[in-house]
Amino acid sequence: MRLRTFAAAALVLASFLRAAPLAAQASGTPDFKALLAAVDGRTNFRASDFSARLTLVSEDPSKGTETRSVRVFRRDRADTLLLLVLKPESELGQGYLRVDDSLWFYDPESRKFTHSSVKENFQGTDAKNSDFGLSSLAEDYAVAAHGEGRLGAHETWILDLKARHDETAYASRKVWITKKDGLLLKSEDYSLSGRLLRTAYYTSYARVGSSLICDRFTYVDALVAGKKTSVLMEEISLRPVPDEVFTKAYVERVNR
Amino acid sequence: MNQSMRIAFRNVGRQKKRTVLLAGAVGLGFFIITLSGSLLGGIAASARKNFSAAFGGHLYFSGSVVSDRGSEIAVMADPGPLESVLAAHARDIASIHRRSGTSGTLIFGTRELRQTLTGVDFGREPDFAGGLRIVSGSLDGLSEPGALVLPEDAAERLGVRTGEAVLFRASTVHGQRNVTELVLIATYEGQSSFGVSAGYAGLGTVNSLLGLGPEEFQTLNVWLRDDRAIDAAAGRILADLAGKVPVEPREDEDPMKRMAERLLGGSGPRSVGDGEGWEGTRYGLTTLNDLMAQFTSILSIADALSFWVFLILLSITMVGILNSYRMVMVERTAEIGTLRALGLQKGGVRDIFLWEALFVSLYGALAGLAAALAVMALSRAAVLPGGTVLSFFLDSGRLPFSVDPIETVRNLVLLCAASLAAVSFPARAAARLPPAAALRAAY
Amino acid sequence: MAILQLSDVHKTYPLGKTEVHAVRGVSLEIQKGDFVSIAGPSGSGKSTILNLIGCIDRPSGGSVRLGGVDTAKLSDRELTRLRHRVLGFIFQSFNLIPVLDVYENVEFPLLLGREVPKPAERRERVGRLIREVGLETWTRHKANELSGGQRQRVAIARALVTRPEVVLADEPTANLDSATGESILALMQAMNREFGTTFVFSTHDARIVDLADHVVRLKDGRIAEEFRRGGAA
């Protein structure tokens, strides 16, 4: 309930920020909470449905390179999500369905749904299930410190984020957000014990409708050297997705 | 001594070949049922012992609270009510241990391995170390923070040796990602194939990984005095608990899965639905029997099968006894006439047959039992190779046999009853022989 | 005093679809202490008469009174008890219990009754009888270790151990050579005199018939001749 109320507020904020992203810069530092809300707003689509095809390339020093193709459907206004695995053949038909605050994993082998968590890693990759769903940086994290720096060709704000509550995936994060467009370029995600777990690089943004959405990102595992996952997002669409897609029955049916 | 019994006792030795054959058939049946029953019983007892060692007790009480954000957090925030109920059942309880645990990923270099990690309060569980069969390293540094003990095969797969540091990545009770560095101090002989071989670290170490305070814990593991009375004890304790505090219903889910979710924190905290919540700590109970239910049902199927084999052998033997004693009746007709003439009542004649069959059955059963005991003794001399799936059912690498006296007596009674039933037909026919006609038969 | 009374006794056996009339209207009285011979050729009904007297067979008609009791009215259980109390048996084929030794065979009937004598008394009675029949060195031998004559001596001792009023002997010498047979009969005679026991024996041997003081001759299931030595029947 609270989440939706907040989401509405974020939406208002986001549209405001899109019109004048750096309005606050003139007077020194921007409103970082609003900046984070803008990042969230760029990833979340409250006004329409969202679908895309993801290609995940995972490199693991012990398992080699694996490529996965996944179809994602989202209806962010209802916080629902469906991830359907298309490749490899061995995982074809496996699905993650988020409805009613629960995440279910479907295995076509056993034809059963089991409880999963958004904080779990997606199919053994460095991506988490939550990486494909709603973004809630502004809700979950407070800015503990800030700085500035260059990242490649971009001037960025570097923010140290501390979790506002203990049910976030990471206890703390460090994010790089461009000063010019408010785009998230990089994130370092830390454990409760303060150890770097992974680094995310958001390397390419595509224009979808009036918004910019990151369509190419890489997660680098900080604990296992040489382990990383790159994600490419294609066939992005904001067209309505039929209601039945976000049901267990649909997940079962596409497997027949 | 009863005269029929005396004659019957002597008669057993009259036709030695026939007696040996009949008793042999009876003995074979008894041998099979005793051996298979004892093996299955032994396997059950060994598995029970090994399972309870792996899980650390017979009853596992867990606690959970609802967080501000509506998630079920696995922590025994207020153990007081449970501890006072347990104190009232002290008679049933051998010991109580505080545990925390999680399932996560061990990382060593570029290798990763899923592993459950159990936090043990080594200070309060001085006997713990004695229960592990150490393969490498030593448990001397067990109480040091960050000390880790792993099943041998887990360490092997990870390629880590004692003295080396590994990372353990897991989620806190709230679902936050966490990682800690642990140092492998020893490996023990485990059975990872059953998914019950835990790694062990100090309770404080696991708590800090779980985001819990050093004195907190997730489960109270109870060792009962009698591991056969688990269900009864669980029922009594739960009944006492249910009136005082929120208690999770026991029947709704697959216990193995519930155990995994609740104790090992596998998939992070569950959202508690509207109207499902509770105040304070809700207690849940999983028992060793819950966890072994599947295994137990396989065993009981095997047990039922071997009992059926016994029954089939028994019925074949009964047909043998029936026919043999029909023949005996014909052979001894004149003798029966004589006994009747001398004053033996009909019942006395019948009793001779019944006693005789009973003696043959008892001899056979004793021989079968002796043979089964001999085979057990012989096979116990052999130590089977460890580290396999099999070793979970073995008793220190040996085939486990546990002769259940009640079951043995039951089988013996069954066997005797069946023999008596089978022989009752020729026995009655013999008793009804008219003495004069019987005497006319050639002696 | 008549210990045994047969009144118009008939006995028929089914034989296939026909009936065999083994005994046809025999009436007979036997006095206590008699030494009776029932003589006749094979098939004359000797064994049937003995079986009827011995209560191991029931008459088809007429009545058998044993010690004043009409046996027709008794149940199998009561007949068995009566047999045990009043009668002793000696068989042509000796019929010793093969799994028991000499002593046990002789003792056996003593153990069957409702009131079993005390062990000391049993030992005394059995031992005395075994001595009487001259087998004191054979007490622990089984029947199959004895000669025919010895076996019949055991049978005689067994028949007498319960101190019966009547001993029935069915062709007791038929399976013995003549010398042994005579010695067996002499033994029976001696017992008859010593204990006053009534002996009824069947035989087709004329020499043995001569030893009896009461002779009943059967022919075709009827009494052909009956007499007592030293007086008419």
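Read from first to last, the chains carry the letters A, B and C; within each, the first residue is number 1.
Rule of thumb we're sticking to: a contact is a pair of C-beta atoms (placed from the backbone, for glycine too) under 8 Å apart; a residue touches a chain by one contact, two chains touch by 3 or more.
None of the values given here were measured: they were computed from a predicted structure.
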item: Most widely separated chain from chain A, with each centre as the mean of CA atoms; value: C
item: Chain occupying the middle, per Cα centroid; value: B
item: Cα-centroid distance, chain A relative to chain C, in whole angstrom; value: 114
item: Whole-Å gap between the CA centroids of chain B and chain C; value: 68
item: Distance from chain B to chain A - Cα centre to Cα centre, in angstrom; value: 49
item: Contact footprint of chain B on chain C as seen in their complex; value: 51, 54, 56-57, 76-77, 80-81, 83-85, 89, 91, 93, 95, 97-100, 108-109, 111-113, 158, 162
item: Contacting residues of chain B [partner chain A, same complex]; value: 67-69, 71, 107, 109-112, 167, 169, 171-172, 174-180, 208-209, 211, 261, 267-271
item: Of all residues in chain B, those that touch chain C in their complex; value: 3, 7, 10-11, 13-14, 334-335, 337-346, 348, 434-436, 439, 443
item: Contact footprint of chain B on chain A as seen in their complex; value: 60-62, 101-102, 115-117, 119-120, 163, 165-171, 189, 191-193, 195, 197, 223-227
